[in-house]
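Pasting the structures in now, so scroll down.
What follows is subunit A paired twice: with subunit B in the first complex and subunit C in the second.
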Partner chain A sequence: MPLKSDKKLTLLWLQGLTCNGNSHSFLNLSYLADVLLACDILYHPSLPSLQTLETISTCKLECDVLIFEGTFDPLMQRNNVMVGKLLRHYAQKARHIIAVGSCASFGGMFKASAPQRNSGLVFNETAHEGPLLQYQEKVINLSGCPIHPEWLGYTLSMILQEKKILVDSLHRPIELYSYLAHHGCTRNEYFEWKVDSKKFGEKEGCLYYEQGCRAPMTHASCNKILWNDVSSKTRSGTPCFGCTEPDFPRANFFRTKTNMSIPDEVPVGISKRSYLTVAGIAKTFHIKRLEEKLIDYKTAD
Partner chain B sequence: MITKQLIEQIEGEATVHFTMNGNTVDFATVAFPHFRGMERILQGKNALDALVITPRVCGICGHAHLMASVRALESAYVHMSQDIQLSTKAQMIREFTLLMEIVQNHYKWIYLTLIPELGKLMPLSNMSTPLKGAFAASLASKALASFSGQWPHSSYMLPGGVTCDPTHMERIKAQSYLRELIAFFENETLGIDLETFLSFESCKEIRSLSSDISRIEQSLLSLGMHEKGFAYDRFVVFGNHGFSVPSKMKQTRSYSVKSKYVSIKDSYSPQEKTFAKNALYKNDYYETGPLARAMTNSVPIIRNIHRRFKDSAYSRVVARIFEIASLLQHALELLKLMELSETSLTMPEPIHTLTAEGIGIVEAPRGVLIHKVSIEEGLIRNYEIITPTQWNIGSDTKESLTPVQLAMQGVTQEEALFIFRTFDVCSVCTTH
Partner chain C sequence: MAQTMKEQRKDAIIAVALELFSQRGFYATTIPDIAAKVGMSVGNFYNYFTSKEVLAKELVVYISEYLGKHIRDINESEADTEEKIYKIVSMYFNMAHERPEMIEYFLRVYLSNREIFLDDCEGMICVSAFVTEMMIFFDDGVSSGDLYDQDFFSAFGLFMGYLGGMVFLFGEKVLPDPLENYKESISKNIYNALKIR
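Coming up: the complex of A and B.
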C-alpha cells in the first residue's frame, strides 16, 4: 500500500476550459481506491464529492490540495463566479497546487480558444504570466494531453507520504519528466541505425525521420511506464506529438520537418553536429535484419 | 416563476431553467455556458491534424471523434475519385476500439451518474461504489489501448487504415482483458452469465435476478419512470457499423436516412447565454443513442419494453445497460475473427493533393456524431461538428420542444432532473 492513512488530505478539483480528458485518464489509475481512501474529496467533476459546486463557489471553504484541469480563461465563470476568483481563494490556503494536463500547465490545446488571454496557472507557454504566479512555489505542473494517471497517482502519493517532490524549471516532477518519451520505445534500434518507417501501419522502422515523431525532444515517461499498462503511441505506430511540452499543440503532426532530408530538430541536449556525424556513419551501413520485415506471415507457415 | 438549476457532474456543466405549473414542470430551457471554438481552431490546419485535434473535443468519447474525423477525410478522398482501401483487419480494429470506448462510457454512466442520481430520489440499499465503474472502464481502456496505444486521446486511425500492426500477442491480451471485463459485468452488474442475459426477452426476466441491474430496474419502476420521460418516440441512427443500422424510426416503422436532411438551429435560451445549437432531421427533433440503436436493430427485449413503456425514461436506461451486453459479445466476436496478416494501412495520395469536401458519421456512446470537412490543397477550410447531445438535449421554444424538453414536461422538478440525465448529457461535446 503506497499511502499513509493517518491523516486525510482534503482535495479540490476545479476545471477551466477542458475536455475532461485528465479526469477520465485519472479514473484509470490502478490504485485509485487507495488514493481516494486517503483523501476527502471536496469536489471532483465525476467522483462522489462532499460538497457541490454551488457551495464550493461561495469561496468559504479551504483545501490542502488544489487540482486544476483545463486552460485558464480570465473571463470564464463556474456557477456565475469568476474562475480566477475561485483559484485565488483556494490557492491561498492550499499546501499544494497541481496543474493537471498541458492546458493547466502551459495553456495547451485550448489556449487557441482565446490566444490573447488564455494561459496555464503559472506559465503562458514558457512565460511566467499565469494567474497563480504569486503561489508558484506550491505549483506542480503535470503536463501531458492528457496526463498519464500514474503521474497524478505519484504526485498525490508523494504528498501523502510527506516526501519532497523535486521539480524542473517548468515545475514538473523530475522523476516523471527527466525521461524522454523516446526511452523504451520498441523502435529504438531503428532510431539508432537511422532506419525509417517506410509508411504508417508497420511494426518496423522509426517514426522520427518522416512521420513526425517528437519523442526524442519530449520529456515524458510514456514508453517507460506505458499507457493503460499496455502500450504507447509509438509502440502502436503513432508518432509522439510532444504533448507534454509548452509548445503543444504544434502543427503538421504526422510529418517531420526536415532540412535536406535531415530532421530539423535533434534529440534534447545533443548538438546538431554530433547528431549529424553519428547519423552519417550509421546510415552508411545496411543492416539486412533491420531492413526486412520483422515477421513474415506469408512464408512462416 | 422561473427557477434555475445547475447540473453538475456531467461531462462539463449545464443549467436548466424551469417554468413551473404548480408542482410540475410546464416548460424548461437548457443552457451550456462554456465554449472552446474547436471548429475555428481547426481552420487553416493541415487536414491530418484534425486527427489529433478533434479527439480533444471530449475526454470520454474522443475515440468516436477520431473515427468521425478519419471517415470525413476518407470521404473527401473518395469525392476526389481517389480510392481508399480499408483492409478488413483495419475495419475490425477500428470497430473494436470504438466499441470499447462505448462500453467504458456506459459503465461510468451507470456507477458514477445513474446510481447516485437514483439515490437522490429514493433510498438505495446494497448499491455499489463508483469505483466499480472506474475499474470496469479501465479494463475496457486496456483492451482498447492494446491497439490504439492509449486512451484517452489516441490518434491511431489515418486515412487508409490504422497505424498499429499488432501481433496475435496483442490480440490475445485484448481478449483476456475483455474476458475479465465480461466476468466482472456478469458478477458485479448482472448476476447471471452474459449469454443467458442476452437471451432475455422481457423485463420480467431482469426482475428475477438479484443484482445491480435488477435493483436499478426495480427502482425505476417504483419511481414510475416507465410512465415518465417520454420524448417523441422518434429515433435516428446514422452510423454504419457492425452493431448499428442507419435508419430513422417513427414509433416502430423504420425509414432510410440521408445526411443532407440534417440541419442545425440556434438554441432558445432567454435566461442565459448558451453556446449550444440544436440538431434536426427534416426539421424535426429525433432521439439518438442506445435506445435508438436498439430499436432500429430490433433488439427483442428492448422492442418488448418499448411496446409497453414506449420511449420512457425506463426504456432509455435499460437500453443503455443492455447495450453493454450486446457490445461486449460483438467485441469478443471481432477479436476472434480478426485476421492479422492483412495490411494495416494503405496510404492514399499525399494530403496536399486533396481539395474536396467530406463527411464522417459514427455512432458515439450517446448517438449520432457527424463531422463535415472542406479541404483545399490539404488544408482545412471549414470544419463542422454535430454531436449526439445536440440531438437529444437541445433547447427550443415551447411550440417546438426538443426531446429532452418534452421528456421533462409534466413531472416534478426532481424527476425532471433525473430524466435529463437519462439522456447521458455531454456538455463538452455540445459546446465544442
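Coming up: the complex of A and C.
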C-alpha cells in the first residue's frame, strides 16, 4: 500500500453497545496486515495495542483516526469513564472519525433497548442528534450489520493515501454506498420478469415479492464487493434485510409488506405508478426458462 | 399541421370503429363499413391501421388510457377513500351515459372475443393504464388504513365486476331507474365490502 507520508497513523478503536461484529468482520480483511503495518494501534479490543484501556480512559492521549463501533448509550461507561467523555476527548483532535456498523452510524440494533436515549455518533436514524454532532464534518459512516471488511479497508486506505472521501447526505462514502444491494445480484433477470422465489434458499427466483428482500431499496455494494470474495446474501438465497439504511432493523425480515398484493415500497427513485406499469406487463409473460429449475437447463428444448 | 390532420383522422376512425363494433360486433363490422362512415377510402384506412385486429387492440388501449386518466385524477385528489370510490363509480356511470360505446366495446368485444386479443394484447399489455390506476387506488386505500388488506384481484373483481354488471343491466334496459340513481348505494356497498373491520 503506497503511503503519502512515512509517519504512521495513530488509530483508536472504541466501543459502545456492540456485538463485536464489525471487529470480527475487519479481522477478515485480506490485506489487514498491510493496514496494521501502516498504523499505530493505540487500542483495539481484539488486536495487539500500544496502550491499555486503562491508559486510554485517562483521556490524556490523542489519535489521528477514531473508530467507534456500536450504539452510543449516554449512560454507558468504559473503565468507569463515561463513553461520551471518551468520545468527545478523542474526537476533538482526531483528523477522521469513522463510525463502523449501523449501530455507530444510526443507532442500529442496540438502539432498540432505549430508542429515545441511544443513537449513532451523528445520527439517530436520520435525525441529527448524536454526541459528535459538532464534529460531524469529520465523521464517516460505514453502515452495515456488520460492515464488509473491504468498506473499512477502503476508507483507511484512502485516509492513509490522504485522498478525499466523498460522502452522501448520511456521511457514507459514495464509492461504496451509491450502489444498491440489488446491483449485481445474480437474480436480476428474475426481478425483471417478475418470477418470484417460492421457497426459502432456492437458487431460482427473485426474493423481492415474497421473501422480504430490500436490495432494490438499500444502498450497499454487497453484490459488487462480494462477501468472502465469493457470494452475497441474495445470491445464496437470503433476502437483503436493508442493514445499511437508517431504519434498520425493521420487523418481519422475511416478509414483503404488501397492500392488496401490491408492494408497499418500490425500488429507490422509481414512482409506484411507473413500477406497477412495468411490473404488470412483465408479469403477463411466462418465460419457460426462468420458471424451471436451473439444474434442468438445456441449451435447446 | 399535417400531423394534426392525421391525428384527427385517426381519432375519427377510433370513434366510428367504437360505435360500429359495439353495435354490430367485431366480426360483423368490416373495414369498408368503417372507412365509409369516416368518409375515407379503404386504401387510406390502411395508412392508419394495418388490420382490423390491430385497430381492435388500439381501441382497448384507448379506452384503458381514458379510464386510467380519469382514475388518476381521482387518485391524486384530496378525497378520502370512500369519496374516491364514489368518484370512480360516478365517472364510470357518466361514461356509460356519455360514451356508451366505450363500455359496450369493452364488455361485448374485449371480454367476449378474447381470441382477437391473444397476441400482443394479453394480460396487462393493453389495459395497463387502467389497471395500474386501480392498483394505486387500492394501495393508497390500504396504506391509509381505510381498506382491508386482501388479494388484489379479489378486490378488483368485486369493484369492477359490480360496475360492469350494472352497466350491462343498464344497457339491456333491465334497470327500473336511471343509472344515476344507483351511484350512492353502489358506492356505499363497495366501500362496505372493502373497508377495514
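Following the convention adopted for this analysis, the second predicted complex is superposed on the first by the 290 of 301 C-alpha atoms of A that agree within 3 Å, B and C clash if a C-alpha of one lies under 4 Å from a C-alpha of the other, contacts with A are read in each partner's own complex, and residues count from 1 in each chain.
Definition applied: a residue touches a chain if its C-beta (ideal position, glycine included) is under 8 Å from a C-beta of that chain, and two chains touch if they have at least 3 such contacts.
Remember, predicted model here, so these are calculated numbers, not experimental data.
Engineer: Looking only at contacts as defined up top, I'd like to know whether subunit B or subunit C touches more of subunit A.
Structural biologist: B
Engineer: On the A-aligned overlay, A:I262 touches which partner chain: subunit B = first, subunit C = second, or both, or neither?
Structural biologist: A:I262: touches subunit C, not subunit B.
Engineer: Could you say whether A:T126 touches subunit B, subunit C, both of them, or neither, answering first, second, both or neither?
Structural biologist: In the superposition, A:T126 contacts neither subunit B nor subunit C.
Engineer: Does the superposition put A:E54 against subunit B (first), subunit C (second), both, or neither?
Structural biologist: After superposition on chain A, A:E54 lies in contact with subunit B alone.
Engineer: Could you look at A:K272 and tell me whether it touches subunit B, subunit C, both or neither (first, second, both, neither)?
Structural biologist: second
Engineer: With the two structures laid over each other on chain A, which partner does A:F110 touch: subunit B (first), subunit C (second), both, or neither?
Structural biologist: Once the two structures are laid over each other on A, A:F110 reaches subunit B alone.
Engineer: Can A:E202 be said to touch subunit B (first), subunit C (second), both, or neither?
Structural biologist: A:E202: touches subunit B, not subunit C.
Engineer: Touching A:G280, do we find subunit B (first), subunit C (second), both, or neither?
Structural biologist: Once the two structures are laid over each other on A, A:G280 reaches subunit C alone.
Engineer: Once bound in the complex, which stretches of subunit A touch subunit C?
Structural biologist: 258-262, 264, 272-273, 276-277, 280-281, 283-285
Engineer: Can you list the subunit C residues touching subunit A in their complex?
Structural biologist: For subunit C paired with subunit A, touching residues are 72, 122-125, 128-129, 131-133, 135-136, 138-139, 141-143, 147, 149-153, 155.
Engineer: Which subunit A residues qualify as touching subunit B in the complex?
Structural biologist: Touch residues, subunit A against subunit B: 17-25, 27-30, 32-33, 36, 45-49, 52-54, 76-79, 109-110, 112-114, 145-146, 199-203, 222, 227-238, 241, 249, 251-255, 295, 297-298.
Engineer: Which bits of subunit B are touching subunit A when the two form their complex?
Structural biologist: Answer in residue numbers: 6, 8-9, 11-13, 33-37, 41, 45-46, 48-49, 51-53, 56-60, 62, 90, 108, 112, 116, 130-131, 134, 137-138, 141-142, 144-156, 158, 160-167, 170, 173, 340-341, 343-345, 347, 428.
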